[in-house]
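In what follows, chain A forms one complex with chain B and a second complex with chain C.
Then we have the complex of A and B:
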């Protein structure tokens, strides 16, 4: 036992200790933590809300029209009431219920679309990079061609043709446009990684192609994959919200984008029904900030040079 | 590089040109009306073919009707004609045309033009517009008595012949075209560009979102003393988009008359721009539209080909909720298919007394009993039969929140009763051009029993078996788009044909209406929903003299053929 053990650490020492711990575990950086917390918060609103709030209030005509949030007043001078704490929209839907159902829906479309897109991307990217030759040519050209097509344009046509779509359907459609970037990114990483010693060693020891691809190389790509995944979640949500704001998403399933569409369509701006378009817009903003933070955090994980001493 | 420069230069030129052209007429000499649809074919002015070819200013400024039904007085105001005579059994009508009427190219308008245009509609089967189809169905022959007199001989007695075809009773009228230009052209394909008319305005330019009409200072009406030149030098019909942009344009004086808005939006506009008025100065502000809203059902599509299923839906619909949510209380529930006008009261009363009046509230249990009686069983949220879920797509025109929100309410009501309903919003042009006339829907939101204003036949006559066509073929004049068929429909048609021959004011008609309505109620090819009310903001910043309840020279529906009267009544506000 030395005297040092008993001595309390000074503040500076504590900070340094924390910093060192953070270096040890790059996944514990504050950006990542905050980003994940924000997204989990939105999911939590959805989950907890389902137990404590009456979700039938998301349907047309289930509440009085155009009530303001608590503490505010609408143009007719009606005050907000406890039954509808965030106010109601012009079709008699409760804003709180809309958010409880709509916000996770928006997140769900983004996650599902990029999960599918990423899976396709990982598979194609590895195949192109590792197998090479004709396979590489076909996949590379395919991805390059697809990347030049503006997704919103195609999706608008698709959705107009389909009419009403489900959330899953919409995610599938969007997934068709988010696999190209991961494919290219992973292909590039695989090409450079192929030359590294451990891969060549594995090849020499006779490991199968799939074993090398998914057991040896994939784990090293995890931070990249996460980064790419979050980026495509953002893209997917932007695309989904874009479609919804144009009125092309699901008709009866509440989403944040559709709520904004309906607000604009019903003249909410001129009637000063700010809660109708403002709350979903705010939530979307928070959601994107959360995704951005996660992305920045993951960058620090995969790129040690970004980890600064603070 | 050279090409880019050329392109830049030419686009700069175009900008300069359009600016200088726009400055020709100042804002205070221009009246701007709101257009609720895209002009899909702005180069085509053949009103006899489908599309936006008359309500973008053409029949409000350039083409004039023979008569205009005055909703305030109930009279036919003479316009291009001065009057008419009819024989006792209403099979022969003689119209006297006004002297001195000229086309804008200087040619005289006379009986030859009328006879030529009517013959076009009668002989060319490809012409599909409602007005032309009605003429084809009614007229046996038309002859010239002298240059200013035309005699029509009808196939069947029709006391309403003039008001129905030439009187702007609902929306339009049969428009007379210049023989010296149309002669030798195929009326089904002729584009009629540049168009001419007898009206005080001539066509200047059009694009998919606007049409511009400029005053013809050499107009015949001013020369003959019929009416003075209208005050606005230029009339623009501008597609405003949704309610929000409509409201912003109105608040910032970039629009003089807007299409329907909700009451909240109107109050907001009026708060920002005190010059904006509506039909009534106070709540409910809106004017009663003669086209009551309804849910049209395609009676050829299972399971809605079963009248009991259609009746079930009728029971499930809660009209009060539609009034409260979609109209914010500014209209009333429909009791019958008719518009609740005082002049329609005898017929509405007869129907209600016979027990066919519709309740304002729902009887969901009665509806569900009917559904269950046809073999459907409730399985969780929805009814199912043979593994199939009871579902319905309801097509709705997306041009107005009034339409979409009504259907949102109906969808909710059906969902709660166990029918997996969903709304399918469709663009205005597609809705009227493809969905409704060809029957490519299960249910749709419409007002196709619109027609009756002071007698029952115009509305009832739209659902007879005479107009029955299969799905995929165009319904003549949007009549019987429900494709209602069978014994009930036959019996209904027989009574309605009987009503058609009766003179206006025949005391037996209300009883006949009740009898026909019994068949209609049993068949339910459509479900009346609510009365239509139009809240049309009108801007007094640049123009005064808009039609209002206090200044009731006619109704304010400025997309109709009678808008000539509105434009003639406008006066500069002096701002």
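Then we have the complex of A and C:
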């Protein structure tokens, strides 16, 4: 027995030990780690890029037109050059600079919109679940009606009426369409939690309503809130990009969606300027995969039944 | 023929590999069940009873596996059967009546087709008239009318659903029936009816019966042989008579003594009597003034008035079946549920119209222990949160060290090691430990009144007596008055000073326990008491004799007036 204990672990045993550690500490979830890493990577591009790259290159005509990325050739036979490593678009803007400015912008709209949406959702969900009665009826019906309205339809009308909007304005508009599902989710959770033994126990302990809401209920809602938050970030980004690709949204600020819109508008598909629309699309794809991984990871964290000893 | 058991378990071991190492759920279990015999498997949750039964059905949950030994069903080696052969064996040779039989029926199918499915799956296509004949026959054999087959599961009561499950179980005349706590979700009256049905049908088709349960009383009245399991090991096996009269293993002795008997020896030791805490008010502690509660058209509680003076500590028991209104009464007293009519007065003040300070004072002095110890702790916090928070909130804490000391003393008083439990998370503690912590919490706050709503119904049988005596100590040593809400007349008999029997929201019998439970007068009280299974072999509880007729007694109970059997000082029940 003792000799066995002193033996160095075999590779299989080490792997088993690692799996068990992962099982014990749910936050050591590979999906979650990768998802967070991908998103942080995109943020890092935005931050580091601002220091090492010349951001003036996002302006029209600041670079030669339609240059391909390094190692590729455009239809005119021009090779990619070091000055513009990801190529340039049809209006003479550097793709790398566009990404450095645009990718964080897109992420920002998504995060801000769902942050606002979640706050509204938490407030309304708690009010509906806790107060009940007439308040509950109004909030529930309101959320149910809003959920059936296609957001893009309304937003297109809004945006064409507003003309040019800022990123914040756009986030606010989108937030008006992402509060419904958190509201319903939180309302349902609050309703079931209100009946739970520990909330009754807290009432017995003379706890105030705010204490019950924020100290007893909210901590147990955190996994749901996280999951719901990530889901609404995804929805917000999809909505924002959808509007931008339609040519709506901010006109003067580079975003990934707007870059795709301009590429389509300038016939980039026909001219085989694949990097013009391809790079932002790819980046959006990576962003969504990151968000999806976080969501899956959080699901496993908050729901131990999904965890397995893979 | 007779010497070959229907089921032979030989050195059966079952293990579950988990992240923390391999758990041995069943350790070399050897046992035989003969044709026509009823064998009970008794033990606490986690002792391997259900796991053994599932292994016989080859239905072990992942990642469990049989690690050794054999299971023989007649001459067939179960473990060597393939998936398809096993499918053919299930139900036709071994029938399993699962624990939550009430939820085992398909809610969107009528009852009959679910029975036909079973026949068709084993015997292939059968004509409609034959199917109808056999399902009717099976339903009638479990005491249900044949037309019950035309109903959907939600149209049946719990007891009826359980019988339907038994009917499905016997429809193919199996050699062995496995009943896994078949009555755990039913109340005592229905329990007795279902067990009678099960025993009748089993002796008619002459199969073996493996009955799983944790209630010694029920087991003693149901089975011929008992197998006592503890931590996956068979610690004792013998006929019921042998085991009840001369239990060998200490654990078996514990199990037998944990069943409180009406009129039997008390498990409490009332040596000291503490005086009630000094009260400033001369008003009665709690007064119900014509309190009535309606849920829509249903009246859960008929107008009820009583006064609890609270100058001498007392335990008032409120007993009744589920749906009798006893828990409604508890939540009304706590102010969680406003009465539809009447007032609840705490020291002369209506609890519905209290200001913030009064309300806090009321909360401080009226505490509760709930039924479900698993739900009472917020999973987010360590368990000491549930003790520390109210202590501070009610202004009892002088300093952090004082809180700590009070918590430790309270834990020690209920027999918990404070260093072991206080810094744990709720899921790391057992149900019994959690319930004791809730009792410790009540003790720490030293209220004037404690409402204990079924405090032990979800705790393992062997711990019930301990927790009840902890609660009893609250009255005895700390002078707290207690309202004990329960369905268990035997414990009410022992702990209480006054008993109220509730039937459909009305007090049908009330008085000192020796009279009400010891010599019941009202037909409903008699029905309840006759339904309790005791580990007493002389009693005819489940032998299927026809002299026990619950529907008759219940009809009588509807007609009979309330019986009031004397009073105790300090508690005044207004006769309606």
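One rule holds for everything that comes next: the second predicted complex is superposed on the first by the 304 of 310 C-alpha atoms of A that agree within 3 Å, B and C clash if a C-alpha of one lies under 4 Å from a C-alpha of the other, contacts with A are read in each partner's own complex, and residues count from 1 in each chain.
Just so it is clear, a contact is a pair of C-beta atoms (placed from the backbone, for glycine too) under 8 Å apart; a residue touches a chain by one contact, two chains touch by 3 or more.
Since the structure is predicted, the reported quantities are computational estimates derived from the model, not experimental observations.
Superposition of the two complexes onto chain A shows chain B and chain C fitting side by side, with no clash. In the superposition on chain A, A:196 makes contact with chain C only, while chain B stays out of contact range. After overlaying the two complexes on the shared chain, residue contacts for A:216 are found with chain C alone; chain B is out of touch. Applying the stated contact rule after C-alpha superposition, one finds that A:82 touches neither chain B nor chain C.
Of the two partner chains placed by the overlay, neither chain B nor chain C lies in contact with A:52. After overlaying the two complexes on the shared chain, residue contacts for A:153 are found with neither chain B nor chain C. Angle at the C-alpha centre of chain A formed with the centres of chain B and chain C, after superposition on chain A: 140°, rounded to the nearest 10. Comparing chain B with chain C, more residues of chain A are touched by B. Of the two partner chains, chain C is the only one that A:205 touches; chain B does not reach it. Minimum Cα-Cα distance between chain B and chain C in the superposed model: 27 Å. No residue of chain A touches both chain B in one complex and chain C in the other.
Looking at the complex, you find that chain A touches chain C at residues 19-20, 23-24, 196-198, 200-207, 216, 219-220, 309.
Note for the complex: chain C touches chain A at residues 19-20, 334, 336, 359-360, 363-364, 367-368, 370, 372, 374-381, 386, 389-390, 393-394, 438. Only residues 242-244, 246-248, 251, 261-262, 264-265, 267-269, 271-272, 321, 324-325, 328, 393, 398, 401, 404-405, 408-409, 411-412, 415, 422-425 of chain B touch chain A when the two sit together in their complex.
Interface of chain A with chain B (complex): residues 59-62, 65-66, 75-76, 90-92, 163-164, 247, 251-252, 264-273.
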